[in-house]
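The structures considered in this document are given below.
Both of the next two complexes hold chain A, though its partner changes from chain B to chain C.
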Partner chain A sequence: MSKEIIPAGQSISIAVLFISGSSLFMGTSGQSGNSSWIAIIFAISLAVPLMLIYARLHVLFPGKDLYDMLIAVFGAVFGRVLSCLYIWYALHLGALVLRNFGEFSKTVALTSTPMIAPMLMIGLLCIWVVNAGMEVLGRSAKFLLLFSFIVIVLIQLLSVPKFEYHHMKPLLDSGWGPVFADTAGSFTFPFAEIVIFLGAFNVLPAKGSATRVLVSGSLIAGIIIIFVTLRNLLVLGPDILSSLYFPSYVAVSRINIGDFLTRIEGSAAIVFVTALFIKVSLCLYVTCNGVSKVFKLKSYRSVVLQMGLIMVYLSDFIYKDIMEMQYFAYHIYKVYALPFQVVIPVMLWIAAEVLSRRKSSKSI
Partner chain B sequence: MVIYIVMIYVFVAIFDPYGLLKRGMKRDFYVCSTLYLISFSLAFALSMHWEIPSPSPLIVDLIKRLY
Partner chain C sequence: MRTLRRVLSVLVSVLLLFSISGCWNYTEVDDMSIVAGVAIDKNKADGKLLLTVELVDTNGGLDKTQAGFKMISLSGDTMFEIVRNIISITGKKLFWSHAKAIIVSEEVAREGLIKAIDWYSRDTETRSDVFIFVSGEKTAREVLNLNSTTQAIMSFELAQMMRDEKYISSAPTVEIWDFIDKLETLGNNAVAPIVNIHVKNGQKNERVEGTAVFVEDRMVGKLDGDETKSMLFVKNLITGGVLDIEDKHGTPSYSLEIISNQTKLKPRMAGGRLQMQIETMTQTGLDEVMTVEGFMKGETIQDIEKRASERMEADILAVIHKVQQEYDADIFAFGENVHENQPKIWAKVKAHWPEAFADLDVTVSSKVEIQSSAKTTRAIRLGD
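Now for the complex of A and B:
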């Protein structure tokens, strides 16, 4: 089977949809009220150096993914143990994102349908696309990003008459403390979640495109998230915003253009579904790729169906209810995800730099 | 529901793990079969409305102990 390579443009599309996926309808962590956009800017500026570290790993190990790197640097046993941790993280993240969609369907869109039905439909679609290969996912992402971008811009423009600029004042009402807390929250969810993409670095072209993909992907997704957060804030205000599970959906439902263009939130929800589809697909690919590397399988495709089904079932029983989901996403996740997003990659980077310098000094 | 699950999984077994064995991918077959058993157990438990322990309380407990 020929090696899959996806061009930088398609990889950027995947990165943008991956980062903005859940945040488009869940919003970002919001203790700071009307200053949450400042927290997002801080989170982006924290994420960029991390992206450069991730990209450096691609330079040090061209054509290799996270699992190859872990096994090459930490050895066959410890490298595989760490790989198993990343397989769990990717599987868990995919299940969390699917559950977000399930709760969204159950709460606002398909209230009488069992939650597993929409999650299974999206899950099967993801299994299909991952089985078809990363090239298909890349092409889908490129088209879906364009579509999502048009919808987001259109909704942004239609929301302008509903903007109430007094919601922005007083800025930093509760001080810098909540802003810094939100910065940590927004950094881990969603920006640093792109660590999952390291598990698919083998599909990037060998010559240093990772910096372009990760940095521009984070910046574009960051701008989209800032615009969406500002729109939600200006339409709903900080008090209502913090009390909602899916603020974007409610903000879009307020659009009313001449009593003619109303109730378009259902159509806007399609953007959430497209972004979520890409995010879950990438998580599934990285999970399957990890399993294939750890167990030395011939192809990751051998386990796509079973891992995808396990991901869907996990998403069904992972939380008891939406409150538990919200609590986990905004309070627990930022600590839980930190080792996967920062600690292990930084350790890997330092070890890889030391090894590559030793190798180059030996060759001299 | 349980009957549907069993029927679907019989079909999946022929299509997925057995297909790998027929293609001579033995290692892939063993891993896929293990995952198939896990997947089937979860599907069966969900269709029977059995309570499956979630990993979330464990993670929450661990994080709360750390911080």
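Now for the complex of A and C:
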């Protein structure tokens, strides 16, 4: 089997859609009311150093993915234990994102269709694309990003007449405390979730720059998220914003151009689906890749179908209802995700630096 | 073997084509009752909610140029219960996306609107861009019932009126979404337009004029059409309308068409008391001169402008004082304005804002500018 390589432009597209995916319709955590955009800027500036660490790992281990690194650094047994944790994280994250979509379609779009039906459809699509390979995913991401970008910009422009700029005032209404809480929230969800991409680093060209992919990916996604958050804030205002499950959907439903261009929220939801498709597919790929590395399978393709179906079922029973989902996403997740996103990667990075120094001093 | 596979895949595709195309639970348009609007009353007999829905009758014949309507009333404990129980009368599920108007009776409004509108904003089948009205008559359904005399779907007519409200400015246009937004915002009280039945010469028509003033979700009072116009001036929501001005003898003789208006609110501390400075700047066109003397003889444009400005200042002050003293409802969003522009002062007055609003100092300075005199340069001259 020839090795799959995807060029930088396509990996950036994957990264952008991956990061902005859930936030496009879930919104970001919003305790700080009208200052949430400041929190996002902080979260981006926190995320960039983390991206540099991730990218450094790629320099230390060119052409290797997260699982190879873990096994190489922490040994065959402990490395595999950590790999299993990451397999769980990727599988769980994919299930969470699928569930977000399920709740979205159940709540606003297809109210009497059982949630499992749309989730299974997307799940099967993801299984298909992952089975076809990362190159297919990369190419579709590049195309879908262009498409999503056009839709997002168009909707942004159409909602300008509904903007009420006084919602921005007063700046920092509730003080710095909630802003920092929100920074932590936005940092773990969605920015640092890109740690999943480490599990697919083997598809980056060995000489290629992971820094470029990760940093530009998170910056572009950050700008998109800031614009979407600002739009929601200006259209809805901080009070209503905090009461909605899917603020973007409601904000778009307010668009009314001359009583003619109305009710376009259904079409806008297409963007959510495309971004989510990329996000779930990447999670699925990383899960399968991990399983194949841990159990030394010849190819990850043999477990795609199984893992994909597990992911769909997991997403079906992972929460009881949408209230639980909301609580988990904004309160528990930022603690739960921290080891996966920061602690283990930083440990891995320090250990890898030490090892590589030792190796280079020996060879001299 | 290859042909078998090919035939099988064709068969599977054909099967899929028929089974997965279309929606999971589609509804044909003739299986739905399309709701145009609702009226919410309190049932006299048992004190429960009484809902009256105006349905668009889709069974129109070829000779009809306009869709017909149907009225159904039902009472119950909660809105949603009634809405679902109506199916037992219509036999069809109600379709809410095209509803345009909610009319609530004054009685319901005075008891609190949350119980009537929460379902409407929460449910997924309804849309939050529906207009809300308070009935000026005894019940809300009387207004909807006018459709039997006017032969038109009342809710759609009311919605049309709200769209053209920008030319009169005698009632606020309030979508249910704005209403809830105001309920949630601190330092901002909600308003809703009042709809009356207008009877002249035995002709009955609906008429939207005036404002219902709310404190929290309970209606506390009314403003009439002129007061509403002054209120809209303060809220910077004036987009059109007419100012009628007296001449120097005190008889109304000039009409100024409002072209645009800009209102600025400036909260500030003056002598230890919170003061709200209101500045309005109105561009108008002189569109009617009802005297033969004309407007150049004896009276200059500046005189008319000055009189209009003074009149407007007095009107605005009067309505603010009325609202402060009688209703104590911050419908002008003064609180929100203080919050946004003077957050430090707001932190002090936030806890007792209703009282602070009631003795807020207000100063008004209005400027009315006449930009044009429409098509003619002078008054009609009597030549004899």
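Here, the second predicted complex is superposed on the first by the 363 of 364 C-alpha atoms of A that agree within 3 Å, B and C clash if a C-alpha of one lies under 4 Å from a C-alpha of the other, contacts with A are read in each partner's own complex, and residues count from 1 in each chain.
Rule of thumb we're sticking to: a contact is a pair of C-beta atoms (placed from the backbone, for glycine too) under 8 Å apart; a residue touches a chain by one contact, two chains touch by 3 or more.
Note that the structure is predicted; figures quoted are calculated from it, not measured.
In the superposition on chain A, A:307 contacts chain B only, with no contact to chain C. Contacts of A:297 after superposition on the shared chain: chain B is touched, whereas chain C is not.
In the overlay built on the shared chain, the residue A:259 is in contact with chain C alone; chain B does not reach it.
In the superposition on chain A, A:244 makes contact with neither chain B nor chain C. When the shared chain is aligned, chain C comes close enough to touch A:110, but chain B does not.
In the superposition on chain A, contact is made by A:336 with chain B only, not with chain C. When both complexes are overlaid on chain A, the residue A:170 reaches chain C alone and has no touch with chain B. Residues of chain A that touch chain C in their complex: 107-108, 110-113, 117, 166, 169-170, 173, 237, 239-240, 243, 250, 253-254, 256, 259, 262-263. Across the complex, chain C meets chain A through its residues 23-25, 97, 124-125, 127-129, 163, 177, 180-181, 184-185, 336, 339-341, 343, 346. Against chain B, in their complex, chain A makes its touches with residues 92, 116, 291, 295-299, 302-303, 305-307, 309-310, 313-314, 316-320, 324, 328, 332, 335-336.
Touching chain A in their complex are the following residues of chain B: 12, 16, 20, 25, 27-29, 31-32, 35-36, 38-39, 42-43, 46, 51-52, 54-56, 59-60, 63, 66-67.
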